[in-house]
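In structure tokens below, several structures.
Look at the two complexes coming up: chain A is in both, with chain B in one and chain C in the other.
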Partner chain A sequence: MMSLTLEQLDRDGAIREAVEKASGDTRAAFLGKAVVGGAALLGALAAPGSGEAATAKSDVAILNYALTLEYLQASFYTEAERLGAIKGKLAPIPPQLGAVERAHVQAIKAALGRAAVKRPAFDFHGVTENNSKFLKTAVAFEDLGTAAYKAQAARIKSPALLAAAISIHSVEARHAAWMRFLAGAVPAASAFDEGKPISQVRAIVASTHFVAARPKSRSRKKPKFTG
Partner chain B sequence: MRRQRAKGEEQLDGRADATASSREQFLARAIVAGGAVAAGGLLVAGWPRLGTAAPSAAQDAKILNFALLLEYIEAGFYSDAVAKGKLSGDLLDFATTVRDHERAHVAFLKGALGNSARRKPKLDFGQTTSDPKTFTSAAISLEETVVAAYNGQAGNLTKPTLAQAARIVSVEARHAAWIRALAGKDPAPNATDKPDTASQVQADINRTGFVQSG
Partner chain C sequence: MAFAAIAAAVIAVVVWPQSPASSPASNQPLGLPASPRPALLVPKPEPLSRSSALSYWASVRVAVAARSAPTPRAATVAWLARTTQDGTTNLVLVLDRRVDRRGRLWVHVRLPVLPNDLTAWVPRAALGVYGTVQTHLVVDLERLTVTLFRSGRPILRAPAGVGQPQSPTPKGSFYIRDVLTRYASPFYGPVAFGTSARSSVLTDWPGGGFIGIHGTDAPQLLPGRVSHGCIRLRNEDILRLRRLMPVGTPITIR
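For the complex of A and B:
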């Protein structure tokens, strides 16, 4: 089993970029489209209205929570794409969902600025290298992401952040349905989706042991580039 | 071809065949282009005016009634499609499951609205429910419209009502992804789902011609 973490492998996304370049124009154009398609709303996330008061503390906490889940998803798909072991009908999933989840990460990080939590180190224990384990994990992650966003929606104070979060929420639900479809499970198992509170989501994530190291602290250092 | 009708006007004779083809064209083209197409739909009268005023119980009721109309359309569409018996296999499984979900959404919203719940409109789905291809196109169009409609109202709802609507919208998004997957289309083509305003949704629904009286 490989025990490399994403951070060790791809600190600044250089490998990912190289893979994208190497895989040719079609894929690159496709990935571009995937991200650009939601750019306006993610942009709103990055720049809440200029007249708006500073982001509420509770909104910062919710965003950091969302960021942690997006790190988890993005790292999972990115590692699967890089390892290249996901084959057949699942082969397009790691690059496509990876691009989307990375876009979510970037947008939330931009919204948080220096208040953003760092990316933890992940160890996916081989599930990124095996079609069946990959798909089961993807189903679980996407259902969990949907439930996590849902439970927070009504707690978000900023209208701009709510608009962005709700527009991500339904995309996570699409992903969940899609992964279920590929797994031969019912994509929409009931008429109502229930949210999951933070404590429950944290317990589920902890039970996976995918998070190898907690981020040490919120960054309080000066930014590297102050312009 | 474009027709308008006043609220309560009786159904015009002989419109069914003529409008069915333009409806199919709309649905087919709407999916390809995502754009505005003038088709033979009848304008829905009596749409709620949805403001962007601060959330309130009164505004919640308007928005939920707007959602209820969309759910009536969806429930009617899938009920009609299943009843017509032209679907089979995966498409029939989809239609049956989703029909039950949309009926549950109708019941939920009616319960939440109580006496102020709007009545079910007269609906006509033309040929869209009698052929697997047109059914698929129409289902994609409907589900996408409804996801965008709910997302567009999120910020206009009070927080407790938003929490309830959020339980529905992700199911609509799952439906959208499911039928897109069955159609061989990308189930989740964007990083975010673009919300629609109530007037955009109204225009989309009017173009379908599904609602005969509202």
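For the complex of A and C:
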């Protein structure tokens, strides 16, 4: 399969934006262009949110990174539930995990306030309509979420935010073990879990091709309808 | 013996809960500071709202042949392009899905082609983003009204202008494909929705004779049978509809 760049996949820039902030680079640096967008975005991310967590730029960036991954998970389970194509022993998974991931999104968005990144559009390429592909993707997403939270824990400055992140991380780990068990994999394969750095998470998310261009539904063209 | 006594004492200090009355620092055993309150309050997980009025649309990701059955050997019913004549992303309404003998997923969709009301099958691989709506627009050609429903409940009703007898508004099931705004044409009012419906009479009309739902510069003609097939609304009504009706909304014209 032809590999695509993140720029092609992430046309809205939401994942790139969150990942760059969390890794300490500006969007401008990432793109190699001297544009004011990066600085403006940094300013927006530094704006205080509604919660006490929004005190450090790096913490806001990590929250946005977490929010982007939660968007991915919540959208995946929600679409699977709405389409109703996941059957049998897996049928309870989309509603149960979807409700939890939506709660995570709600909490992180509330803490970020106006600094929250936008939800990207997702094209799950049919994996939300196929039992086997759905389960494999669920295992991958939950393992990824667990590893991503773990890798950021030591970088979080606010103890209150760290407490919140740990409370979400353990839920992601339970989900991961649950999905692994359903898939016939060892639920807890090692005695010591490694985190996944942002670059690795970015590469994995890009390789899924799930982040899509948002359909263009508006135009300023003069109508050609029959009138 | 001495070791056992020391161990018992340590265990007692660590695990024995201190009485609130006996210690002012009851929440801080061993003199440790209290844990910080989490910065986020994760709400109770809520299930999705159950609605029988949910409809699904999908964007067309690659140009594809729509077929009469969920198999690549079935006859081609129509070709679906990636974009509309308005330059927007082409959408189809999702009706059903099926897996063929080779494990390929096919989606049954409503098409924006003539003859009106046509449905066909396309491979899931040709489609992109899915969307959902809880709205449904009903156009009543007898009463000359449009009614927008959300989750089965009417939320907007307005008088409409519909097609004249020689260029009638087609009856059937359709959907909203896109929305046009900020163009310079008072005839169409401030907003025009593109639909999947097409005139079966004005087939050589520029753009293919698609039926729109739009405003007007002649509100005094409404309600009435005054158009070339389009559904005309007063400008204040089309602006309300713009706020309430998302792209992908199914339409019933009866």
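We take it that the second predicted complex is superposed on the first by the 158 of 227 C-alpha atoms of A that agree within 3 Å, B and C clash if a C-alpha of one lies under 4 Å from a C-alpha of the other, contacts with A are read in each partner's own complex, and residues count from 1 in each chain.
Quick note on the criterion: contacts are C-beta pairs under 8 Å (C-beta built on N, C-alpha and C of every residue); 3 or more make two chains touch, one makes a residue touch a chain.
Every value quoted in this text rests on a predicted model; they were computed, and no experiment measured them.
**Student:** If you stack the two complexes on chain A, which partner ends up touching A:163: first (chain B), second (chain C), both, or neither?
**Tutor:** both
**Student:** Output check: A:173 vs chain B and chain C. Expected answer is one of first, second, both, neither. What do you get?
**Tutor:** First partner only, chain B.
**Student:** Tell me the contact category for A:153 with respect to chain B and chain C: first, second, both or neither.
**Tutor:** first
**Student:** One more residue to check, A:192. First (chain B), second (chain C), both or neither?
**Tutor:** first
**Student:** Is A:100 touching the first partner chain B, the second partner chain C, both, or neither of them?
**Tutor:** In the superposed model, A:100 contacts both chain B and chain C.
**Student:** Looking at A:123, would you say it contacts chain B, chain C, both, or neither? Reply first, second, both or neither.
**Tutor:** second
**Student:** Thinking of the overlay built on chain A, is A:108 touched by chain B (first), by chain C (second), by both, or by neither?
**Tutor:** So A:108 only meets chain C here.
**Student:** Examine A:78 and indicate which partner it touches, taking first as chain B and second as chain C; both and neither are also allowed.
**Tutor:** After superposition on chain A, A:78 lies in contact with chain C alone.
**Student:** I'd like to check the shared interface: which positions of chain A are touched by both chain B and chain C across the two complexes?
**Tutor:** Shared contact residues on chain A (touching chain B in one complex, chain C in the other): 96, 99-100, 103-104, 159, 162-164, 167-168.
**Student:** Which part of chain C faces chain A closely enough to touch in the complex?
**Tutor:** 35-48, 54, 56, 59, 61, 85-89, 91, 97, 99, 105, 124-125, 128-132, 167, 178-185, 187-188, 192, 194, 199, 202, 205-207, 209-212, 214, 227-230, 247
**Student:** What does chain A use to touch chain C in their complex?
**Tutor:** Checking each residue of chain A against chain C gives 51-53, 78-79, 81-83, 85, 95-96, 98-100, 102-104, 106-108, 110-111, 121-126, 129-130, 158-164, 167-168, 212-227.
**Student:** Spell out the part of chain B that touches chain A in their complex, as residue ranges.
**Tutor:** Spelled out, the residues of chain B in touch with chain A are 97-98, 100-101, 104-105, 108, 147, 150-151, 154-155, 159-160, 162-163, 166-178, 181, 186-195.
**Student:** In the complex, go through chain A and note every residue touching chain B.
**Tutor:** Interface residues on the chain A side: 33-35, 37-42, 96-97, 99-100, 103-104, 146, 150, 153-155, 159, 162-164, 166-178, 181, 186-188, 190-195.
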